[in-house]
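Chains here go by letter, A, B, C and D, matching the order in which they are written, and residues are numbered from 1 within each.
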Amino acid sequence: MAQRQGRQIQFVEDKQEFSRFPTKAGRRSLSRSISQSSTDSYSSAASYTDSSDDETSPRDKTQVNSKGTSDFCVKNIKQAEFGRREIEIAEQDMSALISLRKRAQGEKPLAGAKIVGCTHITAQTAVLIETLVALGAQCRWTACNIYSTQNEVAAALSEAGVSVFAWKGESEDDFWWCIDRCVNMEGWQANMILDDGGDLTHWVYKKYPNVFKKIRGIVEESVTGVHRLYQLSKAGKLCVPAMNVNDSVTKQKFDNLYCCRESILDGLKRTTDVMFGGKQVVVCGYGEVGKGCCAALKALGAIVYITEIDPICALQACMDGFRVVKLNEVIRQVDVIITCTGNKNVVTRDQLDRMKNGCIVCNMGHSNTEIDVASLRTPELTWERVRSQVDHVIWPDGKRVVLLAEGRLLNLSCSTVPTFVLSITATTQALALIELYNAPEGRYKQDVYLLPKKMDEYVASLHLPTFDAHLTELSDEQAKYLGLNKNGPFKPNYYRY
Amino acid sequence: MAQRQGRQIQFVEDKQEFSRFPTKAGRRSLSRSISQSSTDSYSSAASYTDSSDDETSPRDKTQVNSKGTSDFCVKNIKQAEFGRREIEIAEQDMSALISLRKRAQGEKPLAGAKIVGCTHITAQTAVLIETLVALGAQCRWTACNIYSTQNEVAAALSEAGVSVFAWKGESEDDFWWCIDRCVNMEGWQANMILDDGGDLTHWVYKKYPNVFKKIRGIVEESVTGVHRLYQLSKAGKLCVPAMNVNDSVTKQKFDNLYCCRESILDGLKRTTDVMFGGKQVVVCGYGEVGKGCCAALKALGAIVYITEIDPICALQACMDGFRVVKLNEVIRQVDVIITCTGNKNVVTRDQLDRMKNGCIVCNMGHSNTEIDVASLRTPELTWERVRSQVDHVIWPDGKRVVLLAEGRLLNLSCSTVPTFVLSITATTQALALIELYNAPEGRYKQDVYLLPKKMDEYVASLHLPTFDAHLTELSDEQAKYLGLNKNGPFKPNYYRY
Amino acid sequence: MAQRQGRQIQFVEDKQEFSRFPTKAGRRSLSRSISQSSTDSYSSAASYTDSSDDETSPRDKTQVNSKGTSDFCVKNIKQAEFGRREIEIAEQDMSALISLRKRAQGEKPLAGAKIVGCTHITAQTAVLIETLVALGAQCRWTACNIYSTQNEVAAALSEAGVSVFAWKGESEDDFWWCIDRCVNMEGWQANMILDDGGDLTHWVYKKYPNVFKKIRGIVEESVTGVHRLYQLSKAGKLCVPAMNVNDSVTKQKFDNLYCCRESILDGLKRTTDVMFGGKQVVVCGYGEVGKGCCAALKALGAIVYITEIDPICALQACMDGFRVVKLNEVIRQVDVIITCTGNKNVVTRDQLDRMKNGCIVCNMGHSNTEIDVASLRTPELTWERVRSQVDHVIWPDGKRVVLLAEGRLLNLSCSTVPTFVLSITATTQALALIELYNAPEGRYKQDVYLLPKKMDEYVASLHLPTFDAHLTELSDEQAKYLGLNKNGPFKPNYYRY
Amino acid sequence: MAQRQGRQIQFVEDKQEFSRFPTKAGRRSLSRSISQSSTDSYSSAASYTDSSDDETSPRDKTQVNSKGTSDFCVKNIKQAEFGRREIEIAEQDMSALISLRKRAQGEKPLAGAKIVGCTHITAQTAVLIETLVALGAQCRWTACNIYSTQNEVAAALSEAGVSVFAWKGESEDDFWWCIDRCVNMEGWQANMILDDGGDLTHWVYKKYPNVFKKIRGIVEESVTGVHRLYQLSKAGKLCVPAMNVNDSVTKQKFDNLYCCRESILDGLKRTTDVMFGGKQVVVCGYGEVGKGCCAALKALGAIVYITEIDPICALQACMDGFRVVKLNEVIRQVDVIITCTGNKNVVTRDQLDRMKNGCIVCNMGHSNTEIDVASLRTPELTWERVRSQVDHVIWPDGKRVVLLAEGRLLNLSCSTVPTFVLSITATTQALALIELYNAPEGRYKQDVYLLPKKMDEYVASLHLPTFDAHLTELSDEQAKYLGLNKNGPFKPNYYRY
């Protein structure tokens, strides 16, 4: 769900510790074992109902759904009806999955599939999970993030028969306990993994090696998780074919270019009510994320400057009508600074010192390292929280810098992600699962694969009806002239779009 | 110089016949042996001086330059001074090549290189050729197109000591005679080829196999020429490493996306003086060419519809704010139709019959097959040439369709290509020659290569000063964090930009 | 603060009843006496502190500020410190007023002015009020809207010595009580009125005719209030010069064109999280408001259709790249409908019946009459409130139409107005007060005036430093050539900008 | 046809001398008597046929059309057929006039009108003239510019029975001779004048005062002509009602905003082939002309700076995303300078000295005074004409500044004006003639009038079918609510659009 730069980023600091089982009590020693992505705050999937009055841990409660099952662990099974409505609303914007249900339902392409999943648990992922079920799969699910679960949706899924182990506000111990409950079920053995971040995959790999060996395929959607898979693969330890959903064209363009174009304005407005017209903005990084941000800001009347390290992207910025500068050249004059680099310390304390009063600083890039926020936590600076996610950092002379989301991803923290974008990723995941589960022996080795071009094209085609878009079909003669199959794929793998 | 779709197009009809040497008289039997690209009309490189009074063929004249050399064959060596001024003007917009001359001059990286070249002969290519000479190469040159030579520039080059064999308005026989004179020089043997279209390469391959074997590298910039090289390679007959300059990022984005964004408006205005505001336009194909055309037209107030066969490109069109339709849905209402597909018969006679009065039809795609122009040459339709490159095709009921450039490439026929775009390609060619000529034994096999990413980035960096753009440099710490070399390459090969 | 169409709209239904003094108890009979603008919900000026625990009416409390004064009536004087910080933050974006304080402070151009004001009471208007005080005026203030008061700001003003009578959530009786307290002060008689909506003006006119006669000037900023003044003037009853601030260029362009360009996306995102890319939107009305909405939506990738009654605006829409249609032509296909007409029943029940599932309907125009919301309150339709300001209206077949803010102004209800826009209006008001207060006898008759062009230009010039914009000055020679004064005014009154 | 700034510009230098009749020989003393507009070069109306071989003056030839009439004077009556085709092509884009012919033909609203006209004589004005004839008028016509006549069109009109006195390349003496022949016809006395520039009006006023007194109306479309009328009016000498067509909304927006948006790119490309992407451009003046230029340039990827003297326009520029600077701030860095001010010496020699090598300088404003071209005609600078309308001015150090059209209007000199724009003006002229000719006694006094709003709206409505645009009609209820007539006018006179 998060945008990233094209470059594979090496997370040398991210080494995980999987040596111990969590206990009910939890232990501080486990605090390093949770991945970054699992703790990012995530505001868009807000719970609509308030359950703050019930302080009992779900692990200490026994709940039964209306069919008498208790193979799940959620906040409150009674919220199921509310969650069902949320799922129904999400279905309206995820017609690609609904149409996939219809097209593939007769044949049940996932009959026999036993899928363990670890994703955000929201109305949108619920539509995915229920699509997998409709296609024949059995599913057990857990959350990839301790904050992002919509409790009502988890209840609705559990009521509908999916075993969900997740609630909003899990402790780190809870997090691993849920993953374990998801995998470790007597008389049931998973044969497919759908993961977002790689925590579930690693847990199965480390704790249940015998299960891992028999998995028929892993589908992974995050940068981090994909990186871990490539590391496993390099180390010769990946004994299962895996599908890298993160780098498919449709996901990349939508999660990065278009999604950022949609969310940058929203994130800035919701936090600061800033007027865009005439504002001087510097965007650090002109990859897909930067391109999306710049397009939106320029369109609304901002004057945008770019910083870049890559001369090719810099040349694109020039041709697109942006001045390419070093940050120091404009640091004293700009009204807004947005980082989109995937790099660290792109905005330094020294530069923060020189910004003008009222300058807004935020991050749309990979992680909260892009702005050196830590450097601002010094005694001479005062922090004032003026709204949720908005801090004024005040210099001794009264100058205020407006820091958003403490340098974490602005759009995940302060705006929402369109359901349509989530639909594209979810459809890609469903197709990847179908492909891996049904692939003839030998098509996929023990390696990490990109989704075949033709399936990327299929995902796209499922989303065209939303726009009432009508594809043109090649005539036989044209297909022959172009040397193409009439049904695609239509482009070579290296095509840049 | 021509845009194309990303897909390699298979030119099964393009089989060439190289079996006979041209004679002075020329023969009809040779009429099939000349490649399409060599006969495309090409208006942008207009000759400024009028030499129509001199009807003598250059092949029948003996000319001597001021240094006493006559190893060249051009229209009129006396036009050299005028051509020199044209070259000087072009140098102003090709500062990347000038700066390459300066950076690499001390070491003369092309010392010993004997280059035969076959390109358009214009002020811009003259800047390239003289850069190669400045870097140490000896050059002999011929034209890749019988119409495009700027006679004054050919004269200026010949005066400066480059052996040029080219003039505007060559016959097909002249064309091959020039190529042969270029290659076939006693006591001098080419060791590098720079080609645009593949005609020179094929001539050397067919006629001088012994020369061909000793070539150290071929640099080819056209779709067609690259396609021929891949065919040779597949057939196991390519005994020389070749560099595919056509598919480098900078060339692709500039020749397609940006160049079409620049030229579509110009081509339409110069031919028809059409007002863009409020016009309904259908653009067939949303690849880079289509994207460039659409961006410009939408920006000037046109209402643009897209046709597409590829669902991914179609989805991009939707997100970019264009309705995706089948051509027949809008054929009766649109004011302008632009083909950008690389396909054939995208606009059929049936559709031409249904267009409204005054509809403008033109092609920005690969070749003149996109619009079925042949189908318009029937007795019931009247053709009226109203301006150069503009025909009114008149139906019996008086309806007029405005056909531009008889369906050939609009921007090559009716507008100009910015020198800056040519500079990028020329710089890439120069670097590719340097790379192949200096590569250590074994780095390149007998295959077709793309320019290394790092050199693409270098080409881009040479063009940034034009925009006064300032790159940011990675700190050591950042480079380590990203796992990158501070000097690039900055992106993986599959990065889409 | 609200956008409107250029046409003076006649509020024949708006006849007010001013015959009775409010009583503490209030009476139903007064329910017609409150103007529409005074009851519009207004979300942008949210109170940050929660005072819901204190249910005592401010009218029943005695409060004293730190200087011992109790000539005010606000929710809780103890919130003053919090309000002061809000004012300080607003000051950062209202530097034009601050600079006006500095430029005019020495001469105190409002010395002796006794101003009664009736506006929204927010941090932004506080900056205006304190500017008037800094320029020498004495001020007493009340709220023009029963919902919009920021209690903390009212407290801060009262603490600073401005007599404020206002709180959030006034009853209608409270509303008039506050106005009366504001005007009716023994030993103090107002000589200037600053009004927004005309309620204060009418109160003084009706209840204190002797005060009214001695007023030196009225400054009015709303459509409604201006309309009332013109009616008074026509009826020969306006015995005071009045300044129509609403129709000044800077206010019009900013409140309408730019403000709507800024807020339409924000309003839609905050309520529905809709993705803009590829959405089909119909905007009813292509005046300044419609132009602003269309520019933003098109820029973000929406496909926009226009409906218009005026052929000139329709022609502009065509040239700007929008198809001009009748609503019925596109009613079944569009995803979003936005009214910007100032008209009524622009969207009818019949059209609502034909919209597709999920269609979003909202109003950016003058009032909540544009969409026939009343027609949706029938038994066969189910209303479901899914978020604040968002209703799903559900048809018997399950179709949902998403109605925002129940058809009231979307941007006032669901987004914020940039402080910069408010600054322009506030500065214009301050200058209008100064102009009227200092005008030599006879310059202004008993009529309604527009701000002199030169003062419009002065307001604009005060806002240029925000953008670091540098004006060019005419040389003497140029001024003579153009027949202009070097200091303006630079355009004739009819100039359209 | 020329854009201008909103401000009435005072042409103190433009005093005309009308004291003498021209003689066949012509005299140098008359050289000051021809207005600026009548000598501006005008490239768009190129003659397609070459008549350079015939050097005889039309005044010395006797020609007879096919009906036996010789009451005309054109280059060559035999070119009539070619001219007819040009007129037919123009008719295709002027459907508003054709539809006006149809709507008004039955009643012949110009029956009895005897119109003398003085305009450019092109295919487009021919459509206007023939419309006037179709509506019942008798017409005699002459050219307002000595260069702009399309000889073939003049022939076609003369063949069709309109008495035309005009040819391309008139001398100044010819110019006045033609005007006189047009007016001075025995047994025929004009009762209406249609003028462009005011030369015809002045000739009648000065030479035929008795005719002038009986004129029922004058329609004038140029800034200059309108200015002269206002001067006559002020001086109390205008004894005829006149219609100022120049300041009507539709003409202003189309001739300035939209027309410049269309033509700035075209003018720059045709002359310099400049690439727009990434170019730094400064546009002097942000009126309608500047707004049009900026919109197009920004859309094509240029980085645009603005200079302004008027703070309101400057504030608009800021909000539209342009930096507002003084010219000196950016003079050394910009690639293109465009003047759009109506002012003089906006670009001075001092600034020309500081421009960088290759900088392009051109004018889209009122006249050739904006750039101080005269200052460049000094001995140390070399002028080199590199193309038609393109001069390189070369400094001693080799720096070249590229001056377009010698500082005259770029779009009139180097690009074309869309027929659609001309159609709007022509339709407005026709309606103005009808209005004045048919107005009841007393509706118009001896003054200069703007076209009534309702007729502006009618002109617009006649042009909507070109875009297939469909107007919405007010219901009775809505019209009553808005206080409008259902048929318009829909806006107050001061509405800004």
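The rule is simple: a contact is a pair of C-beta atoms (placed from the backbone, for glycine too) under 8 Å apart; a residue touches a chain by one contact, two chains touch by 3 or more.
Here is each chain with its UniProt name: A, B, C, D = Adenosylhomocysteinase.
Note that the structure is predicted; figures quoted are calculated from it, not measured.
Counting C-beta pairs in contact across A-C and across A-B shows that the higher total falls to A-B. Averaging C-alpha coordinates per chain and comparing to chain B, the farthest chain turns out to be C.
The distance from the centre of chain A to the centre of chain D, with each centre set as the mean of the Cα atoms, comes to 59 Å. Centre-to-centre separation of chain A and chain C, using mean CA positions: 41 Å.
In this assembly, the C-alpha centroid of chain A lies 42 Å from the C-alpha centroid of chain B.
In chain B, the residues that touch at least two other chains are 258, 277-278, 301, 318-319, 323, 466-468. Considering their complex, residues 277-278, 298, 301-303, 318-323 of chain B touch chain C. On chain C, the positions that touch chain A within their shared complex are 44, 89, 92-93, 258, 261-262, 265-266, 269-270, 273-278, 280, 296, 299-301, 333, 357-358, 386, 400, 415-416, 418-421, 466-468. Those residues of chain D whose C-beta lies close enough to touch chain C in the complex are 6-10, 247, 249-250, 252-254, 258, 288, 307-319, 323-327, 329, 342-345, 456-458, 460-461, 463-464, 466-475, 477-478, 481-484, 488, 490-492, 494-497.
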